[in-house]
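There's a structure below that I have some questions on.
Chain naming follows the written order as A, B, C and D, and within any one chain the residues start at number 1.
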């Protein structure tokens, strides 16, 4: 219990609000950041009560009396500290307003983070379902449940949470045992050793495969990848991982699928001979001919089942029942049958497929890494692998702070993981 | 006239074909590459006749008798040298087959390059319209015209060119006066001076503006750009270029438009204060609120016309009647009204907008640079600007060899161009 | 005053030490980091007393009783938190041992950070002079003064500070007014606006020029740069900045000087025509011929004074009396007269030239950026400019956390700064 | 035999010179480039005689009569085409002048390329010894021998080759069998498969080890590497390669050696725990303490022989008698005993060690890659490995066109090579 007899220093005419922080607010630096934000924005504070957990399992809490010179400033400060998990003590239900039109939130809608979130409805704190960053929160008619919703899916008249009262965001808990996904590890550097991250990823994949086979929830492994996986020589390793049951969901685009099957039909990737290691005459046409052939056949599944495509990533996905979401882009040729060309539909398909994911591997695709990162709750361990350090940096800039960045080429990563899991070279 | 009495050295049992090369085959290195390819693939050749232009205006031609040990090998060699512009002397009409289904080419379809192309129909060499890389060629019923067509647009029964006979591809002519777009300049390096490229771009933009105002064809300037234009501080410069009539077509995504209007409504870009230069509390929500607001208003055009959005790139585009194609991706929030979410539709809109373009600026967007590069004929001068040298490299890897790579940040590029064109800082 | 009645929970047999934190320990996150470190390493703590400054000018302090299960662990913890500014309460003089040989510190030598540091000698806290990271601290015979010293310069028998008692490191104070050098700004991203950083740099350069002219201390501006300044077209801007008195010290290598004078003698940089914008025949020899010519003349100064070199960076440095340290590397041709080929000597020359610097600009040179960063106290505002984001990242990885990273090309940066300071384009 | 009766078109008043090209001038594109250069510079030409090799083993030759409007222009053109191997027919001895001072070449000195070079002395074509780019050529007093010499090593009065007559540069021959070092393969892309390059490197290393053991010349393998080898986890693989006799010469700096021994003494690299995968408290001091300890011991060799350093790269080098050149830079701490701090001396040591090298691996060090690249003749197969594509690009920009660029992290490369050569994981 801490008392700060600071009231006498308070300037006249300030207004104040008591806010509460709970959780691992010390070792997560949350308390410091909140106090810092208050001072920075021109407010002052008294620490009314600070109870600090003595061990890493015990949580802490703090009551902070925030002072500001105007209601406007006080409101701004409360808004600014709320994403850190600060909840206003004078607990009230969250506010809701009706959506003014299909696909439009009320002006003051609350925008989500990807951290676990609760809203207070009729005096109860309710978990917000399907959390994801940059969505709104919709409350059911009975005000007994709430879930996050993309802007495009809101319907005229839906009850949408607005303002910031009655909303609680929980900072991520530090894991009991230190692992590579602990929250201060998300630095990106080409100069860090990769071995322990790959070992950790492999260990998790083993455990998740067991869990998945046993039907336990949240045991799916998602891989979102780009065509450089094929170009760089990681096709066999990824197909092996799928065959062995380590991957359960694949997000990719037209190019990865086309180059995978081009490798099967022509032995090239973008016309570059994978074993010869050199450009093959007219090889640049191979991906086009591959796409055309699969279009003629009608679907990737038929191509695999009829024996036209025997091996590779797509073949393994079909054979192992891996869920594949192929999203279209404006640079696609064809595209292949099965590519979801509408970006809103594709996003919805990815969103739905993310449910149950316990590990996300974002490999060699800026677009898929950012898009998938946007959809992932902060609680899902995420690795972003790219030979270009700008990709994990961009991911972090976009808010996916939980992602561990690994600066290495896709093929080396996949082969190392496969080897760690027992693949013969 | 050159004669090579080489027949006596020819091994028994070879078969041969006479091919002809025309154009600037010496200074474009075409002759050397063709001979090299023949030898590399295991063939031999006689130079039957070489006539070399004495000046840079005179073109050259060569007749090459290609020998191979089998019809198969000869066919492969003829295929391999055909994209360099080698046409088989024993001139025949091109072959056509009917498309077996909607959206499917015949198996042996000819895949286009982005170089000027002709096909021989009923003894006449006909220019192939709407040329672009990685398409097929469709011939009209009367066999009097031909144009390139994306795979997805072909209809059952369309006459599609197959094989490689009766097809001529013209190498790019070297320009009379050396400029930065001359074909051997497409090296990419952070260590090259930018000044002369920017000066050349500005000079072209001035000339194209005059041409466009005078109603001359092929005088549109296309800019395809990413949101880093806003983040890095290039918004004012780009808006100025649009206001002054230097840009006629804009390709972008949801993000560029959202951040542009976020800058107008909130003074931030991705929540980062553009003038303050620091993250603004809750700023990450600003782009969401911006998108929501425009959705509520109904369209960007209405937002501009009603005075909600007064300045910036989008406002300038609306006011100046610039054609904007906004293509959706799976990482979009919202999206904004007007975004074409279907990638095939978006590609078609871009394809149609490219007609009449005389200069293409691909700025700070990997996706838009590659996608637009795929659609551009090789004859259109193209600059690819990115702070990351991997982007122009990737563009070149994808075949857009005509693009000049400029490794610099988007804002510096746009401000330098604007300054060169008379903008006050 | 905060009291934590936590003793009853303390496990038996622990040993403890009272440590004190002073300064802006809340808003700098220092307190949180220290507590976190204690818990992480397996210790526990009581917050004996926390006094938190109410405003940003008031500093805070905290007394923390650290517990550990062994003296070894306690020692480790005290070591680990000491760089954050934690001083052991039971104040004692620092320990010293004699250097066992020339160029060798005692085994347990204290290794410096680049933060302001004090040692306790005969009961007094003494500022450590010439602070810089990764040095040792040498105390004078009378134990009345101390300064940091590179390993190579220590002499047999010198008194060298060892262990960690009696040493205080001060965290950086947050500046009164927010500026770009405030300590949490050191993120590096190509997606940040540059404008305000450049404006801030220019404002500082103006103020420092005034200060330097008035003879005030710590008003020198240091630029450490690489040859890409010349290649990319920044030569005129940098020469202008020197001419106008904005730069007082230049660190560079053989290449920058050679290419600068090559530009003067041949109009090229690495053989690449600066105005023509293309490779010039035999241009790769120009830098060699330039070096040979200056070697024949005897010195850069003579070359300038005799009129051989009339303009450019080197000419401006000679004319304006700017101190130049040219350090040699194994990739040099020549080298030019004046290049310090011995790296230890060059480092010593740079070290000595850094005294009095009030702003450091590290432009387009990984080697010079890291080397200069190593020598700079954390209190000197530092900007690292490179088109490659890996360079500022590397600098931060090496401990120069105070450096602001700017991902843009050198020429754009220098021209923008010059323009901001009034240069005509 | 080709005759071009072109004289009648020649403008009046031109002067002319007959030049000869020999070698694989067709498939190496040399002929095309030479003709192109002549036209570009404003000259014209007649092809007097072209004899083209029918197979890849037969070489070709061409006699070209070059015309220009002035002696000055003709001289310029002859200069410009000479590096392509064009020799002036009217064969003359090379010209020589005496060096005007120690360390200074005559003004008109001939600057070398790194291609095989001959000079004509007393009517004989003599091979130039110790060829390397950017040097001069010194002729012995009897005019019977010639070798390349760095500017800094020339002595007053030495006979130095000047101008361009009597000098022959041989283009690289295309290898009989296609391998990854064939000269048109030197493209750099993160999107190319690495497998076949690594396989080729391993195959060469096996053959070179055999050759080296058998005492055959030019069978040394050189590795020039940076500290990222240690950071990224490649230490064990490199030590294994040394132990197994695959590496015979090592170029590195203070940092690689220090971090290698830090890994041995502390289990960290730059303070980052190699197995723990996280920053270790005070770990940043470890490299300093390592350096200090080795300084106290006196030498790396003594440290290994006395058992202080038991394993790792340095230990393996000492045990296997690998020649190590450690070059100092201005960013070094310490430095370690054995580091050559003078850059000119270090360059000379590297130059001398390069003699006998048959394969050069430049791994994860921009400085060492460029510096070593400068010293390597074009005939030595060279691989440049870096996770940053800018490094191999820079190497190519500096003229080392023979280097194959591999964009991957150092540890993955070394482990893949070791695995290919039989290392157990």
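Simple rule for what comes next: contacts are C-beta pairs under 8 Å (C-beta built on N, C-alpha and C of every residue); 3 or more make two chains touch, one makes a residue touch a chain.
Everything numeric here is computed off the predicted structure, so don't read it as measured data.
Novice: In terms of CA centroid distance, which chain is the most far removed from chain D?
Specialist: The most distant chain relative to chain D turns out to be A.
Novice: If I compare contact pairs by residue number, which of B-D, A-B or C-D overlaps with A-C on over half of them?
Specialist: Checked against A-C: the matching pair is B-D.
Novice: Compute the distance, rounded to whole Å, between the mean C-alpha positions of chain B and chain D.
Specialist: Averaging C-alpha atoms per chain gives centres 37 Å apart.
Novice: Using Cα averages as centroids, what's the distance between chain A and chain D in whole Å?
Specialist: 46
Novice: Specify, in ascending order, the residues of chain D that touch 2 or more different other chains.
Specialist: 190-191, 270, 388, 390, 397, in rising order.
Novice: In their complex, what parts of chain C are in touch with chain A?
Specialist: Contacts found on chain C: 2-4, 6, 9, 26-27, 29, 31-33, 35-36, 39-40, 44, 47, 50, 52, 54-56, 188-191, 389-390, 393-394, 397.
Novice: Considering only the defined contacts, which chain C positions touch chain D in the complex?
Specialist: Result: residues 37, 41, 76, 79-80, 83, 100-101, 103-105, 107, 109, 111, 134, 150-152, 270, 281-282, 284-285, 288-289, 291-293, 295-296, 327-335, 341-347, 350, 366-368, 370-371, 374, 388, 390, 397-399 of chain C touch chain D.
Novice: Using the touch definition from the top, list the residues of chain C that touch chain B in their complex.
Specialist: 178, 180, 185, 190-197, 200, 228, 231-233, 269-270, 272, 274-278, 387-388, 407-409, 411-412, 416, 419, 425
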